Structure formats: C-alpha cells, structure tokens
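Which chain is which? They are A, B, C and D, in the order written, and residues in each are numbered from 1.
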Amino acid sequence: MSTQLVAPLTAEDMVIQAMPDVSPPKWHLAHTAWFFETFVLAPQAPGYRVFDPRFGFLFNSYYNQIGTFHARARRGLLSRPTTAEVLAYRAHVDRHLLALLDEAPPAVLANVLPLIELGLHHEQQHQELLLMDVKYNLHCNPLFPAYRDDLVAHPAAASDPAEFLRQAGGVVAIGHDGEGFAFDNESPRHRVLLDPYRLADRLVTCGEYLKFVQAGGYRTPELWLSDGWATVQAQGWQAPLYWHADGDVWQVFTLGGLRPLDPATPVSHLSFYEADAFARFAGRRLPTEFEWEAAAVRAGADPAIGNFLDGAPVEPTAPPTGAGLRQLFGDVWEWTASAYLPYPRYRPAAGAVGEYNGKFMSGQMVLRGGSCLTPRGHARATYRNFFPPDARWACAGLRLADDA
Amino acid sequence: MSTQLVAPLTAEDMVIQAMPDVSPPKWHLAHTAWFFETFVLAPQAPGYRVFDPRFGFLFNSYYNQIGTFHARARRGLLSRPTTAEVLAYRAHVDRHLLALLDEAPPAVLANVLPLIELGLHHEQQHQELLLMDVKYNLHCNPLFPAYRDDLVAHPAAASDPAEFLRQAGGVVAIGHDGEGFAFDNESPRHRVLLDPYRLADRLVTCGEYLKFVQAGGYRTPELWLSDGWATVQAQGWQAPLYWHADGDVWQVFTLGGLRPLDPATPVSHLSFYEADAFARFAGRRLPTEFEWEAAAVRAGADPAIGNFLDGAPVEPTAPPTGAGLRQLFGDVWEWTASAYLPYPRYRPAAGAVGEYNGKFMSGQMVLRGGSCLTPRGHARATYRNFFPPDARWACAGLRLADDA
Amino acid sequence: MSTQLVAPLTAEDMVIQAMPDVSPPKWHLAHTAWFFETFVLAPQAPGYRVFDPRFGFLFNSYYNQIGTFHARARRGLLSRPTTAEVLAYRAHVDRHLLALLDEAPPAVLANVLPLIELGLHHEQQHQELLLMDVKYNLHCNPLFPAYRDDLVAHPAAASDPAEFLRQAGGVVAIGHDGEGFAFDNESPRHRVLLDPYRLADRLVTCGEYLKFVQAGGYRTPELWLSDGWATVQAQGWQAPLYWHADGDVWQVFTLGGLRPLDPATPVSHLSFYEADAFARFAGRRLPTEFEWEAAAVRAGADPAIGNFLDGAPVEPTAPPTGAGLRQLFGDVWEWTASAYLPYPRYRPAAGAVGEYNGKFMSGQMVLRGGSCLTPRGHARATYRNFFPPDARWACAGLRLADDA
Amino acid sequence: MSTQLVAPLTAEDMVIQAMPDVSPPKWHLAHTAWFFETFVLAPQAPGYRVFDPRFGFLFNSYYNQIGTFHARARRGLLSRPTTAEVLAYRAHVDRHLLALLDEAPPAVLANVLPLIELGLHHEQQHQELLLMDVKYNLHCNPLFPAYRDDLVAHPAAASDPAEFLRQAGGVVAIGHDGEGFAFDNESPRHRVLLDPYRLADRLVTCGEYLKFVQAGGYRTPELWLSDGWATVQAQGWQAPLYWHADGDVWQVFTLGGLRPLDPATPVSHLSFYEADAFARFAGRRLPTEFEWEAAAVRAGADPAIGNFLDGAPVEPTAPPTGAGLRQLFGDVWEWTASAYLPYPRYRPAAGAVGEYNGKFMSGQMVLRGGSCLTPRGHARATYRNFFPPDARWACAGLRLADDA
C-alpha cells in the first residue's frame, strides 16, 4: 500500500524534507525495505546479498547497533538513489521475502514470522508518517498544492455540546494481554489504581478551539505550561498548525488543499502544549493514558472502529451520532496527560530491534486512539503513540476529561 | 542565613552568571527579598512603599501575573544594583516584615503567616541554588578557585557493596498529609498501587561510577536513552560535571577546590541521562518517586536525618555504617524514574503564587531526598524536587532499584 | 543552453539545495526566465500577461524594488512548480520575447535590447552557478554520484616551476572602455597608480597546494588572517573543498565523480582565506585586481582564450606550454587581494536593475579571469567576479604575485 | 591613566561583559600589563619571574604565537583575579619596568624602548576601548546608570549647513613618514592617485541624522548595502545605538546617563552600514581613507587638535565656528569607504608582535580621525582605525564627501 500512497506525488515531491522531523517520501519507501532486509533477509535468508551495501548507511534511521547512519536532518539533500531506484530496491526485497517464506524450513520460519510481522507494523507506522510528512512539506510551499485534488469535504452541522460520561475507578489492568500483535512498549500488562473520573463523549472540535483562539488563548500565559508558553513566544504560534486567518475568516490546509474551517470536525495538528492549554481554558484536564485505556477497554473497542486510512487518505470528520464514547479511534490521536515511560518490569527486546521503542522513553507524551491517517488494523486500545510536547505535524487533537 | 552564605565571596563573585541556568549570587539575595515584598508587604502592609519600583522588573523570576521581567540569561550583565544596594534592599524588607508581624491585627496575620512561611521555604530553596550556582561559576574559571579554603576532605575507606533491600508492594498513600509545611506539588495525598521492589541500601559511589566511565560507558550508545546519547555527543560528555582526568588520575572540583576523587563518596552532579545509563550498565533501574517515598515513609524518616547544609556548605560523604536504608536524605538528590507530573486532582494556588510549581510540570524528572546543600529542615519524605533530564549542576546522584 | 546543462540530471537532482548559498537547478531555470519576464516583457511587451502571478514571489532572487520574495535558504523545499512546469514557463517567456523582438517598433526595441542583452549575460552567470551548485549538491551525497559519467580525465605531466614575470608600474587605465557589453561594476574607467610588480606565469597547481597541506598549513595560525583561522577551526577545514584523503592518497570530487588528485592541474574550490594563506606560505602574495587587469590588458587578452564551458562542462586542466602569462582566463577564477568596492564615481543603474551589483559591494573579495564553468564569451579582462572570503563552492584558485 | 578611568566604577562594574566584543574593565587593566610583561619583561629583564604563570592564558588577547588563550566571549565569567589582584599585578609590572629602564645597559635599552613605546600606545588604545565597553555594559542595564554623574551637557545652537570644500586630486603620498611613533599598518608610505573631490567641512550631526530616521531610512532597503539591510532586519535596528524614542521625543544614552538628543552634536555610535546608508540618503558618499588623509595633511593637522579624552571622558560636541575643515580629529571616528587592507609592500613585524595589525586586514572598514574617547597624542593624520561594518559600540560617525 505504501507505493499507492505516493501515486499522487510528483518525482520532485518525493525528495523534499521541509524540517528535520519529517523525511522525504522516497526515504520512507527505502527505509521500510531496509528494515526487512536488515532484520529478516540478511540474518535469515541463506546466501542473501544486500541490494547495495551503501544503503545500510543511508536508510538506517537510528539503530546504533547496526552501525553509523546518515544524519536525519540531511535526508532531503539526497537526490540519489532516485525514486525509481528505490522502487527497484523494494521489489528486490519483496521478491526475496516471498522466496524466504516459500522455502524456509519451519524452524527458520518460526524465527522469521515475528520479525516480518514487526516489519509490517513498522511499515504501517511509516505510512502514517509519510502522509504527515507530505502534508507538512506541501504546506511549506506558498502555492499550497494539494496532495490530491479529488478529496471532497463534507461540512457537517455544528456538534452538540460534549457530554462528560462518568467512568468507574478502582484497580484496572493496563497493557497488552498477549492476543495478537503488540509493540513491546504495551507490555507488561500490569495493574493501576484509578480514581473515578469523567470523559467527554467526543473529541474537541475546531469550533470549540476557535473560541480559545478568539478569546486570546495564545496571548494568555496563565493558561500555559512554562515550556509551552516559551514555545508559543519563540515560534510565534497564534493558532494550530495549518490554520490561516484572513481577517476573521479561517482556512485550514488539508491534504485536499486549503479549505474553510469546519467547526464540527475535530481540531487537529495541535501540540501537547496547546491541548493542555485548551483543557485549562475549558476548566477541564487531559485524561491519563490509563484512564483512556480503561475506558476504551470497557467500551469494548475491539476491533477498533473509526475514521481510518483505507488506502484513501482522509481528513478528520464530525462525530457520528449516538450515545457513549464516540471517536475513540481514528480521526485524530488524543494527547494524554501521561509522560511516555516504561511500564513496570518493561524490558526491551534483545539486539538492535530493542532500540525500536525503549530508548525513546524520555521527553515525550503519550497519545492514544489513532487517526484518519492510521491504517485500519493498526489501532488498538493498548497502543501507545508518543511525540515530543511541541510536535504539531501529527494528526493530533484531544478529548477532555475531568475528576468525578 | 543567606547573607552568611555569601560571606566567603568577593564583590566580583557576586555578579557573574556562567550559564543561563545559574543566577548571580546577588540576584538570589535580591529575588528572595522581592518575593517577600511582592507577595507579603505590598498587598498586606498598610502604606508600604516599594524600595525601588524598578526592582520589580529586575528581580521577578518568572511570575507572568506580576508583570514583565528581565531576561533570565542576562542577569549576569547587571552590575547595578550593587551588592551593597541589594543588602540595603534586604534590610528594608526585613524591617518592614518585622514591623508587620508586630503590628498586624489577627485577621491580617492569618493571611500573612502562610505567605511568610512560603517565603522562608522559598529562600531555603534559593540557598541551595545559590551554592549550586557559585560552584558552577567558580568552576568555569581556569584558576579553579575554591569557595572556601578551609573545607577539609575526609577520604573514607571503600564502601561495602550495596545491599538490595526488599520493599513490599500494595496500595500506598503518597503525598503530604497536612502536618507542617509542604509545597502544593506534594498534594493531594492519594493512593498508588505498587509491585514489590528492591532498593539499594545506599547511594551509588564515585568508585562505582568510575568503573562505568572506565568501561567506556560514555561511548556505548546502547546504554543510553536516545535523548541522552544525543546530549552526550553534542556536549562532549566524558564523565560527570566537575570530574577532571589527568591521564588515569581523576580529580573532582568541589566547593573546597580541586580534590582527588574519593571512591567511597556518593557520585554527584549527574544528569538524569547519566543516572539512567549507569543503572542500565549495572543491570538495575532507577526507583519511581512513589517507590522512594513509600520506602522513606516506612523507614520512619521524620524528621529527615542526613548530611545537610548547616550554615557550613559541605560535600557528599561516604555512607554511615549500619543496617537499613542509609543516606535517604542529604548528600545528593536522587534521580527517580518519574516524570514531574501533577498528582491526581492537583490544583495550583490561585493568583501569581500558583505559578510557583504547577507550570513547570513538563519536561522534567523528579528527584527525592535532599543534598548536602539543602538546609536542614527543608527536607521531607514527600518533597518533590525536579530538574530537566540534562541538568548537571545540581548536587544529584542516584540510588539503584530493582524488581523484587 | 541552460536546458542542455540539466540534461544529465534526474528529476530528483533538480530539486535539492544542499546549503543556503546554492539553489536547486530548477530554480535557476525559473529565475532566469523570471528576469526576462519582469524586466523586459512585463514593462515593454504590450498586453503581456504574466505566466503565473505567484512566480514573482518564488523566483525573485533579491530585488527589493520588485517586491517581497521567498527566503533563499528555503528554495530547496519547493517541489512545485515541477521541472516540467518550469520548462513550460521558460517556453512561454521565450515565445513572447521572440514575438517582442519581431514586432516591437524601433523606439521600443532601443529600450528592450540592452535589457535583453543584460538578461542573456545574467543567464550566463546562472549557467556557471547552476553547475557550481550541482557539484556541491552531488558532493553532499555519500554515494558521490557523478554529474556525467562520460567525462574523461587527462592527467598531465608535472608542471615546471612557475616563473614570475615582471610587470611595469605607472598610471594605468582600469575598467571597461565602452566597447561591447559590460556590467555596471566595471565602470567608470579610471586611472590607478601601480608600483612595478611580478606575476606568476601560471596558476598554482594541486601539487603545489598539496605541499601546503602536508606541511601542516591548516594547523599553523601564523599563516592565516584572523577571520580565516577562525573559519578553519569552526569549519574543521583540512584541505580544499572536494579533496578527500584516504591515508596519504588524495582524491578530488569532480563533475565526473571522485578522481585521483592530479598534481599538474590548477587547485580549485579554495576560499580567499586559503588562497591568502597559501600565498603567505609560499613567501608571495595575491595580486590586486588592478595588477591583474593591467597585466591581462597588456597581454592582449581580447577575446579571452582559455579552458571555458562550451556546452560540455569540464574541469581545470594543466597549463598549456608556452611563454608569457598562461591561464589568464578559464580553468579557475583567481582570487585577488582587492575588496569588492565601487570604482570612483560609480553609479548603479536607476530602478530595480540597479540592485544587480552595487548593493553587494561590502564584505566580498574580487576574483578575475573566469573558470572552466564560465561560458566562453562571458569572460573579459575587466570582468569583476566577487565572493565572500569564506566561499569555497566556486571554481576558484589563485595566481601568485610579488613585489618587483 | 587607565586606573583613573576606572575610578568611578564599582567593583561589580569591573567584571561584566555585555557582549562578546566588549571586555570587562578589569580585563583591560590586566591585559595591558600582560602586554608589557610578555613582550618586554619576560624576554628582556634578566631574571624576571612572571607574576602568575596562569595569567598568560587569561590575559593573552589573541597572540597565537604566545600560546593558547581564554575564549574572548567568556571574559565576563572570570570573577578572579579580582580587581585588587589585577591592580597588584599592574604594580608589579610597573615596578619591574621602571627597574629595567633604570638598570638596563644601552644595548638592551635600544631593544626595549620601542617595545615600551608600543606598549604605551597599546594601552592608549585600550583606554578608549575600556570606555566604549563601559558605556555598552551600563547601557544594557535597564536602570541606565551613568558612568559619571558630574558630566554636564552643553546643548549648542543648531549648526549651519555643512559646506563642501573642494580638494585637489593628483598623486599624493599616503602613510607615515617615519617621524615619531606609528603602527605598522600606517606604512609603507606610498603614492596614490586621486581624482579631485569635495569634503564636508564638519561632521554629520544628530539633527541631520534624525531626519533620516524620521524619513523612514531604516525601512527603505534601496538605501542600504545588501549586508546592511540584512543586519537592519536581523537586529531590528531603528536608530543609532543608544538612541531611545518616547513617542517623538528622542533621548541618547551617554556616559553621563540618558540625555535629550542634541541636534547640533555629531551623530555617533553608527555602524558603517548606517553611515553608508545615510550618505546615500543625503545624495553624497563617504570619503576614501586616502581622500581623508590627503585633506588632513594639507590642512596641517599636526599635532592633531580636537575634542579628545583628557583624563575626563567627554561626549561629542557641536563643531567650533570657523572656516576650513573642522572636527577632523576628536569627537567621533569617521567611517571611510575604504576596506582595511595592507598598503603596498606592507610587512608585519617579525614574531608575535606582528599579530598586532596584519592578521585583521579582512572584513573590516577603515575609520579616521579619533574620538572624544581617544587620548590626546594618540591621534594623527595617518592613523588607521578599523571595525567590522556592523560594529556600533565605537564612538563613530561620518563626514560626507562628494565628487568634484
């Protein structure tokens, strides 16, 4: 599916990197192939020869145990290998993966299959990153080009006020229970003691957030964490990323280009600092990741249902009608009040694969739920996404919580 | 006592600021007086006239609700007011505080006394900061001048290996119980569910940490969090702040000048990243702040006993002999695995005083216990100190923990 | 010819910008078309409609009087317009230029022709810049891709020692005499008083410069201007840009890829600081731009003959045999000891075209002669090229001079 | 006299360094003593022992041949040695200098005297720098403290319009003729060919410059060199350094504190970029350093007469009445159109003293004449002062010139 996602892009779009946090689309295509080559083919496929030994340096993202790697901020300087060469690389890797699955004896397969499963989930993560990055890159162009010209907006009626649904406290089990795939950071399953609390039954909307903007939220230091206020001033933030004001009229840059702000849709592309400040403005707070997970599990959210990426990239939509917790999955990732830390007795996997999650457990906040750019099937109630508190290019918003 | 602490300093020492995180000694003296003037005298003392209206701009640290303030990084550019003028300012404030206590009617006193208590604890915090800052400032001078020439080192015999003492799990009460003074970030008292765990019976020593250095700890990315490793490389860290190698011989800069490394004393001036990497190297982990507090409460640590600042600034010392958890207080602050976040149902105080703690609950890690620069009486089992994970100028080390 | 120069490039190569000083190849193609559109078609062609009004913002390089412009350092973030769209833009502009030349009445033609001539020389300058930039961009790729794979190196025999040819002093006329095209910075022609001097009969070679490198030239502060030495240390310079050492074996990155260093060819891609330090090391000095021009005029260098760009980009070559001043033109630009300042009574042209040269007469040094990337016909004895003293991506070397 | 200059300063004032270009007052006192110790006493005084061997590292400004040195930008972090210790250092050096003069045999004296003379002129330069730096440091304090409270302003009547006096062209001799002391950069004396030109008979005044400010000079890119305009935008310049607007009322920070702008006094604390932009605004230009020197020599300016530092630091004053070129010396240094480059056949002195001037001949512009902070006797017609084009903390203004 990754290659379908880049179909609407020009060769030129495949190269650019508008800030260090994003990567060029063709880098994503190459890196996900490199992951399979490095962790599956090279150690497990007898006689496999790497496609190009120099790609190990170019397309290793951050695995120190594999070797040195090309500086992240300089990925956009690489015109070569071209997209065509990257596609050839992917075809080569795919071919050998299929051959390996075909020919490997059972003992090898037992080793290989979990790594391939990891590689597939890794690629799903990069599908979301690729679209986040394309959106950011295109937005830096004063021409505001659309990723796709055929995306139709469906403005909705204004939403009803959110209702705050009471959730029971007590000792809850948190973390993955071992059924199906999960990343190591979702384990071990362990018990957490919660006070009773309340959760909004839907996401915060653009219309609600607009009131914060219009009330001077970005000029009121009392509403912000100290680091957040410093960021607001240093970056000159006045609204969410991708919002543009022409006088009192607001437009939002989407993968379909600039569009009028739709008050009923969930607000997106917020940093943690903005989500936190809005919650304070609203007299509420963010939920912890444990509160969120306990409620999602209770709501029976398995499999996860929501507005996901299904081949066709979409934008967040207004909440469906109905009772209970809506929009738990899809639309936008939900910032929580929890720092990204290891669960008790957490141990990363041995070897370089262990660098996947554990070493990033510092300086980041947890998000839950999934977004409209998340591949369906990649979301689950125990999934822990994470970003630094000032990151805004993710499809991230919030759901309010409160003490019971 | 603050003015006693600066007695060994020259007029020139009072001005300098060797990095943005530290403040000139005379700034500390002025800021703590400003705190009393702003939060006690100005609102509560009838007819009080501020000493100099321009000081409000110069000596407000970060209270946005009080007004704009002089940039933190530029405090070292202020030769005026001189130390003599700052001392006159302090005398003026002290005089009016005493008069207020003397003359205020009971209803006013009831308002005033909690603010004065807060101001005194605020000043104790700045006494520790002042000495941390003086140490940092003097260390930046290639002459390595001592703060005091009369501080005698007492090298100890090598320590016995640490013992890991089992601690029970279960639901524990965390946070201040309302007896005596506490900062707002220690409340509300609430319940936390812990697994059983083990705690080292003493702090990690310089001798133990030296092995980490000699084993190439600062050149081994697998031992570090990703942000930590980036910091090691960007800053060129090769050992704790204040350690100097001359070939294989190590010296440590102290408030008494350069001294040979004493293997039995607690390692200090570590960042969180270094404490975390050492724990990984040792095959252990850092305790959470809840594990630490539960153990300290159980150990009956009230009042806190340890190697504290008693007028005479000291350095960390080797652990006392004896059984049980030693060095829980004093010597060095202990990094924990906990991010600095609000306790459930935490609410900052109303008004500008509410900016004291709450707005800093982002991007920092909790430390527990107190150091040899902490005034005796300022430490307690529920006290939450906090610094960014890369900060090294605090008197901070670690105690190892493990799963039971 | 500009479009021929990009024929060997991939679509991906057309986008990248590896440092703020270089521009993406497709930006050069668009900017030179914009120059014609803005200064010729828009004001002079009746009824002309601009191709895309947003291109004025994107492709204005620095003409404040035309309006605001896209930040130079962000040119590499623009994937759109694509190369195909830029080529359509060029075709549109070319078509209208030809129509204008065809249909304009004589009075308009008299206005238009000098501007078209300026536009053509402007485009020639950008042809050299385009190749300089392509070389720099490709060199930043660890794969070291060649611009063209069919460029053959012709290693030459070692050169004879340079001979220093005596040049007469006295009052000489400097600057353009009005015959043929010249930029405004070559005027007014004026008189300068020179002492007798001596000029090397050829350029400094790679072999000679290698001795400077091997003698520790990059580690000897006495050889450098203060700003130069600061740059050496800040940038970690150890050899010219594009030189790579593998032990004692040196390779040089060229438009044909990595090649063994050829000691007989002129050293290139030096900064002024390096040229100046080498001259000091050699016990000589750089010539002034007046000494250079007087010698070139005396040598009868009209038309300029040398190793120029003739459609096929080339690399510097060993000096031809023969007596007299060789390599005055082509091969590499020659750094002079002269700061880039206006000639006496210099006046820039009126209007935005006057921003072409005059406003850059600060902080730069003059180079003379032309390089192997300069289109033949663009070079002349009075031509003043200029770069900041730390710039290394130009094809620039030096010729030694001395007092008589 | 240097120690008299610091008499009005507090101990705290002696330490601070408000930007990397300035030095703490006590650093100047120590550095000038170090110069004598290093270049005179150590090599020439038999048995001399350096006062403190560590001072060589701390107080070497930039002499690479003497050894490594403390980073310039960190001079303000040194509280030790204290001012008292620095004064003891100076007394030690003075005592040994006197003893050397007393006891040295004639052959040694012949070596020593030129170095002592150089040291004295070096110290005079640092007297001016010290006052420039004190002014800058005090100005960074929001309290705007005065260096001296007893400096009285003498507002003058508005000046008559400047007259432009015609100066003959032809071949002139430039540079020092060997009579009396001169720095090496004033030699060798050589011939320069000048066109006839015209020079304003006085300096540009604050009143004249205010019109440039009020006409939007700082918002008009056409008036500026490209580097200058970039600096205006990056630094947010809106007026000369030390000018403060309160609505339409302008005040100027002086060594006597804030004062109303006096339109008749020379404008000061301009960068080269501002001087150049003003000249363009006025339809004139800056003189070259050769034009200035030729006119000053013709005017018989020997000894130099003007408003100089005579123990008591002063501010620029309105021009005296009278005919001819006024204010050639004193008041403010005059920016010229000349880059700071070596004179033909210039050779620096051998050894470390040769680093005094030559290595700075890059990236700077020449100023002529001297200022109100220049010690009388330090100024002469051939003197070449120099600063980078964006430097504003020197007492520097301009005199207009024009073509004849």
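As a convention for this text, a residue touches a chain if its C-beta (ideal position, glycine included) is under 8 Å from a C-beta of that chain, and two chains touch if they have at least 3 such contacts.
On a predicted model such as this, the values are computed, not experimentally measured, just so you know.
Chemist: Based on which chains touch which, give the shortest step count from subunit B to subunit D.
Modeler: The distance in steps between these two chains is 1.
Chemist: Which chains make contact with subunit A and with subunit B at once?
Modeler: Correct list: empty, since no chain touches both.
Chemist: Work out the mean Cα position per chain and let me know which chain is farthest from subunit A.
Modeler: Farthest chain from subunit A, going by C-alpha centroids: D.
Chemist: Counting in whole Å, what is the centre-to-centre distance of subunit A and subunit D, each centre being its mean C-alpha position?
Modeler: Roughly 58 Å, centre to centre.
Chemist: Taking the mean of the C-alpha atoms as each chain's centre, how many Å separate subunit C from subunit D?
Modeler: Measuring from centre to centre gives 37 Å for this pair.
Chemist: What whole-Å value do you get for the distance between subunit A and subunit C if each is reduced to the mean of its CA atoms?
Modeler: Roughly 46 Å separates the two chain centres.
Chemist: Where in subunit B do residues touch two or more other chains at once?
Modeler: none
Chemist: Name the touching chain pairs, would you?
Modeler: Once each pair is checked, the touching ones are A-B, A-C, B-D, C-D.
Chemist: Would you pull the subunit A residues touching subunit B in the complex into a rising list?
Modeler: Of all residues in subunit A, those touching subunit B are 62, 64-65, 171, 190-193, 195, 221-222, 224-229, 273, 276, 337-339, 341-342, 344-345, 355, 359-363, 389, 403.
Chemist: For subunit C, which residues count as touching subunit A in their complex?
Modeler: Residues 10-18, 26, 54, 57-58, 70, 74, 76-83, 137-138, 140-143, 145.
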